[in-house]
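Okay, structure first, notes after.
Labels run A, B, C, D, E and F following the written order; every chain starts at residue 1.
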Amino acid sequence: MSEKVYTIIPAPRRETIRSMIKRGERVDGRGPDQYRELKVDTGIAGNADGSAKVSLGHTKVVAGVKVSLGQPYPDAPAAGVLIVHAELIPLASPIFEPGPPDENDVELARVIDRGLRSASAIKLEDMSVIPGKQVWRVFVDIYPIDHDGNFIDASGLAAMAALLNTRVPKLSVTPDGTVTRAEEKVPLPINDIPVFVTFAKIGDVLVVDPCYEEELVMDARVTFAITKSGNVCAIQKGGRGSFTPEEILKALDTAQRLAPELCAQLEAAAHRV
Amino acid sequence: MSEKVYTIIPAPRRETIRSMIKRGERVDGRGPDQYRELKVDTGIAGNADGSAKVSLGHTKVVAGVKVSLGQPYPDAPAAGVLIVHAELIPLASPIFEPGPPDENDVELARVIDRGLRSASAIKLEDMSVIPGKQVWRVFVDIYPIDHDGNFIDASGLAAMAALLNTRVPKLSVTPDGTVTRAEEKVPLPINDIPVFVTFAKIGDVLVVDPCYEEELVMDARVTFAITKSGNVCAIQKGGRGSFTPEEILKALDTAQRLAPELCAQLEAAAHRV
Amino acid sequence: MSEKVYTIIPAPRRETIRSMIKRGERVDGRGPDQYRELKVDTGIAGNADGSAKVSLGHTKVVAGVKVSLGQPYPDAPAAGVLIVHAELIPLASPIFEPGPPDENDVELARVIDRGLRSASAIKLEDMSVIPGKQVWRVFVDIYPIDHDGNFIDASGLAAMAALLNTRVPKLSVTPDGTVTRAEEKVPLPINDIPVFVTFAKIGDVLVVDPCYEEELVMDARVTFAITKSGNVCAIQKGGRGSFTPEEILKALDTAQRLAPELCAQLEAAAHRV
Amino acid sequence: MEKANVKLLTEDGRRIDGRGLNELRKFRVEAGVLKNADGSAYIELGRNKIMVAVYGPKEVHPRHEALPDRMLLRCRYSMLPFSVADERKSPSPTRREVEISKVIREALEPAIFLEEYPRTSTDVFIEVIEADGSTRVASITAAAVALADAGIPMKDLVVGVSIGKIEGRLAIDLSGIEDQRGEGDMPIALMPRLNEITLLQADGSFSRDEIAQALQMVREAAIKLYEEQRRALKDRYSKLPVEVEIT
Amino acid sequence: MEKANVKLLTEDGRRIDGRGLNELRKFRVEAGVLKNADGSAYIELGRNKIMVAVYGPKEVHPRHEALPDRMLLRCRYSMLPFSVADERKSPSPTRREVEISKVIREALEPAIFLEEYPRTSTDVFIEVIEADGSTRVASITAAAVALADAGIPMKDLVVGVSIGKIEGRLAIDLSGIEDQRGEGDMPIALMPRLNEITLLQADGSFSRDEIAQALQMVREAAIKLYEEQRRALKDRYSKLPVEVEIT
Amino acid sequence: MEKANVKLLTEDGRRIDGRGLNELRKFRVEAGVLKNADGSAYIELGRNKIMVAVYGPKEVHPRHEALPDRMLLRCRYSMLPFSVADERKSPSPTRREVEISKVIREALEPAIFLEEYPRTSTDVFIEVIEADGSTRVASITAAAVALADAGIPMKDLVVGVSIGKIEGRLAIDLSGIEDQRGEGDMPIALMPRLNEITLLQADGSFSRDEIAQALQMVREAAIKLYEEQRRALKDRYSKLPVEVEIT
């Protein structure tokens, strides 16, 4: 229930970064609205049904998808099931500790989950096999392997890339309810490709795609998940600071401007397979 | 497995209270055998099937009942199921810590459970729907919201008040085993109304319904659950001290004398609904 | 994930023991290849389906077996199920702490499990009742009660003795799948009697069946599970040190020499019932 | 919970419970309702009933969690097992409760002068007794009052309001059924005097203009709740103690 | 465990196992049966077999649990998975075991001069190897011996005896089947020389007179167990060490 | 996983994937592949893909775990939920992972000059991204490189190789299917220059001669992996940083 006490950054370094930001400069030379280079590799985990590795600068995240047949949720008997799990493992950073998921793991997974779900990224209603009895269950597991800030975006992009990479056996169901798996595999019924764009507020400046040092000195952050149509399908504010309404709307404008390029890269990576 | 180390009371205050008690006085002006004013509100939680808030002086406890259809226990296939859960949440007192139930939570729930069960407060054998398959499951959840001593009695009274307040849908079962819920709701099959009466032993004096400061200085406590007929359906001794047989019997006499009035108040509250 | 920090032995005592060992002497007067006296009592826990108490010098372990009908594992639908559980309870030694199983409990149980399983100690394939639906599930629970070193061997011997002592009801299955339990009880289908022989490496010397003080000063240990035919069915190296290939083979020779006597004692104890 | 053919909005713009789109449910806030807590508050918002206790500022336990430069704020949001409409909720914290505890804490922190009490902690305990939509924002509204009641120095109160989308229209203060069957939910918290947003979440589908409009609508509703917060705190100091009736 | 037509009492007042109402089952206590523990004891009471180890007084770990004015007593009662009559018991502590651990601790504390060893702790570990009713009171009888064996200064020993109601009559020392099918169970522990009650629980239905009678009956039975406790401790010091046979 | 009629060995001594009995799968090791870790390595062995990070030596946290005379080595081996062939693995540590973490730690410790950094700790984190048999030994091979990359002083590297029995013959470096359907598995780790065995486990059935032969065969295979370890470390220092491609 209490915040994770992150590594304290030395006060002089903190001040340096904050005054750079004030002058419109960033530690890695980017402009305030400049996203780091996104790199997407898919199919990196051969036992998964879909997988991807995403790099945002030094931040690296792997995501894998496993699908299996199972029971639907009682409140949606004719829909597939989507379960998103994320774990900030200590391999990726000295600030992550081993142990059961803490609030940061849970928040990360739930934000990605909301973005995917609100955008209907997967048409879950097309993933029912025998309504009320058997549906596809889609597990998305997200693991950072190197942490240099902005895990939310990297995780969301990796999750979406892994879903785009996923292939499931074609099924046929006889009238008496016998399910047969064909050799042939088909992609998931993808409906939209939401992407996540996060801003850090440092003093009075908003910077997109913060790196780790920027996260250490930021006052607050806000993330938008943006659909292909440009609509917002999820928002999450975090951190001990606040935003003016104008700041929110300005950040949203930038997010909407950046989203199509991120989405295009995910699509391109999917087609490279 | 070790006792919860409660807030230490300053030694002078401790001595003051103990010598008052020795003189037959109590911190809140009551006599040794005087119960605090009991206040019972029912129906306080609209999503519960039954609920109550009980005040004993400043001690406040809420209890809620949820009923649902489910499987019976294998050793009682034709009986409803009663499950009592209590949690000493930190909202109610600085001495309660967040986390999974500790020995105090477990003891509290189990004592209430034994009192209700031994008295057959609910006729569980009348709560079977399809023997061996479907029975009513009755969950009683007890949460203190302000702690000024004697949680056992307040919890037991709140649990019983919530059960008296509970309404469940009338069911009809067709010969082929289809269960239909009517709109009409009926009370639980109440068989008895056990009440709980707790004594603190402080030096050589027994006082009923101890307040928090008395609990801090007490040597031991003993609780009796008393049925409408005046029989004892549960006893629980607690604390690091001991009782003579005579003290036990004397306390029991007082408990039997006080019980009818407590029971009457529960019934009155039930009828106020 | 980190080693349990065991009681530190005072440095002078440590040196004494290590130099004794170097001279071929042991704290309890044994030779390097001498096993302590093994004592096996069976049927010590009347509610278990099989049980045994094993003493190796002051080391004492009880093991109990419970069998019940249940579902098979999906990957072995026509085989019984064997589950081994061990817990280094604090009753047995000040170095064991209460709490959920740690790596030492898990390793112990898994090594015993591997030895029993690899030797096919029980013919699990003969313990299916209705293939895919009902099989015998065999739970072996191992608890030390006094710890003077070499828990692995004592535990393995206790587990095997308890299995040899186990009796299960004879079952009959009608063609429609009704299972009836006869009054008559029969032994488990025992196929082999693996025994465990552990060595401690202290300096350059290997000693068999180490006592507690020897474990405190040892560099490494290695355990062999040996079948009746003399084959190795499990090995486990432990500890911060290493072994030369020659040391391994020398220890194995000793283990193979000692095993038949240990096995014979288990069989004798089983026949004493 | 099938998304059945329930119309959430009549043709003349009335909601299931008769409210207009811009209308809050009936609400009531009381301060100082618990004896043990250093500060406390109780809120009713429609059928929601939520109790909040604040303990602090106090020594941090365990000690190594203490922060050298500011107060450690901790927050636990939890729903009583019988507070929910459907099946009994398990008493152990769900992932939803873990996340909400975090965002509530981060919604309260901007309003507190944390640096005035370095090396201390303050705990905020929130128990939902009855839930009917928008519990996290109602919890924030009550928690801000409980913090003030505890004497924690604050820049401003914090008010939480949810806004959602039902039948394509923005609507203030979603009820349980509107949350379940509507097209989107956006819980917002703000400091009403400073007009700074301290909590912002959303799911569903919102255009840029809808978000701009939502931020405006929420502010108006927040002012009404803010007045109730202030009334509750004022009453708290005139008549001690408040005996709250959970009705 | 259906409450079948088993008669627990014959017409001439004999119980299923042939005992009279006032009769204890066969019992045996041994002290000093473990090498590592600072004190230990083993009890057989009918088919019950229970092992107790005591470690202490020793430094408290973790240190912040230490008490400035007295010894911290900790107690863990646990049943081995194969100790029970029916299905294997899961090895993780049940709610029943948690509660029994607490009441056993509170049954032992009154007999110990806790204030003689401030800032220390003593741990009592109880493992039930075979269970047949009345395990908690048998555990107390053995634990008191193990504490004495460890040299913990005590005002008196503690003896546990259960009393129950079968076919409307009070009966001493309930067996498993009597506990399950009888009409009530009242586990009691007392300090036999001081005649002070240190554990008292009950479920079932008892009148005031029955309770008075129970307290009397228990005392007589306790004296017999007390003599066995003393014999065990005496033997312990005459022939060291005791090798216990679990038979 | 039925043990179906799959022949693991052709008549001319070829294995399912075409290898000879004494042949390792294709392998690749890279050092220094992560930015945050003090040392890191990545290994591919057949289809196995494993990432290792080393943090240390550093202050021990919690402090009471520090050892006065040597470094505390901690090790966590874990499989990502999607790394396995069958159903998704639950993310919480299995008993298998707990045991493997322990034996890997004990396979690495003999190679480290632990006494050079008393009161410090070093953490080894191992994540299996794709698993196809022999993951524990492949993890050890990579972990040794990651430790060296972190500058931890070592007597020797450690190389892990599994050997197993398929169709009655000993075979090096078992794949997943060979492990499942073969007659025995013997994971071994050794310090290649010192020829000391640091990990040795087995299940299945092995004669004394087979074990002697296995220890010999493993040593030859280990030398090849050792050369790859050294190449990776050498490359690490010539071209910084290594961007690893998970292919």
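In this section, a residue touches a chain if its C-beta (ideal position, glycine included) is under 8 Å from a C-beta of that chain, and two chains touch if they have at least 3 such contacts.
Since the model is a prediction, treat every value here as computed from it, not as a measurement.
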Open item on the list: If each step moves to a chain the current one touches, what is the fewest number of steps from chain E to chain F?
Closed with: 2
Task: Set of chains whose contacts include both chain E and chain D - done: B
- [ ] Check B-D against B-E and say which one is joined by more contacting C-beta pairs.
- [x] B-E
TODO: Average the CA atoms of each chain to get its centre, and name the chain whose centre is farthest from that of chain C.
DONE: D
Task: Most distant chain from chain A, judged by the mean position of its C-alpha atoms - done: E
Open item on the list: Centroid from C-alpha atoms only, then distance chain C to chain E, rounded to Å. What do you get?
Closed with: 31
Open item on the list: How many angstrom lie between the centres of chain D and chain F, each centre taken as the mean Cα position?
Closed with: 51
Task: Whole-Å gap between the CA centroids of chain A and chain D - done: 27
Task: Sequence positions of chain F contacting 2 or more other chains - done: 76
- [ ] Scan chain C for residues touching two or more other chains and write them down.
- [x] 1, 98
TODO: Write down the ring's chain sequence, where chain A leads and chain F follows directly.
DONE: A, F, C, E, B, D
Open item on the list: For a test of understanding, state which residues of chain B touch chain E in their complex under the given definition.
Closed with: 1-3, 5, 75, 101, 103, 106-107, 109-110, 114, 117-119, 220, 222, 227, 230-245, 248-249, 252-253, 256
Task: Touching residues on chain F, where the partner in the complex is chain A - done: 34-37, 47, 49, 51-53, 55, 76, 78, 80-85, 87-88, 91-92, 123, 125-127, 129-132, 245-247
- [ ] Give every residue of chain A touching chain F within the complex, in rising order.
- [x] 41, 44-49, 51, 53, 58, 60, 62, 64-66, 68, 85, 87, 89-94, 98, 100, 139, 141, 143, 145-148
- [ ] Sort out for me which residues of chain E touch chain B in the complex.
- [x] 1-2, 65, 67, 72-76, 95-96, 98-99, 101-103, 105-106, 109-110, 114, 121, 184, 186, 190-191, 194-208, 211-212, 215-216, 219
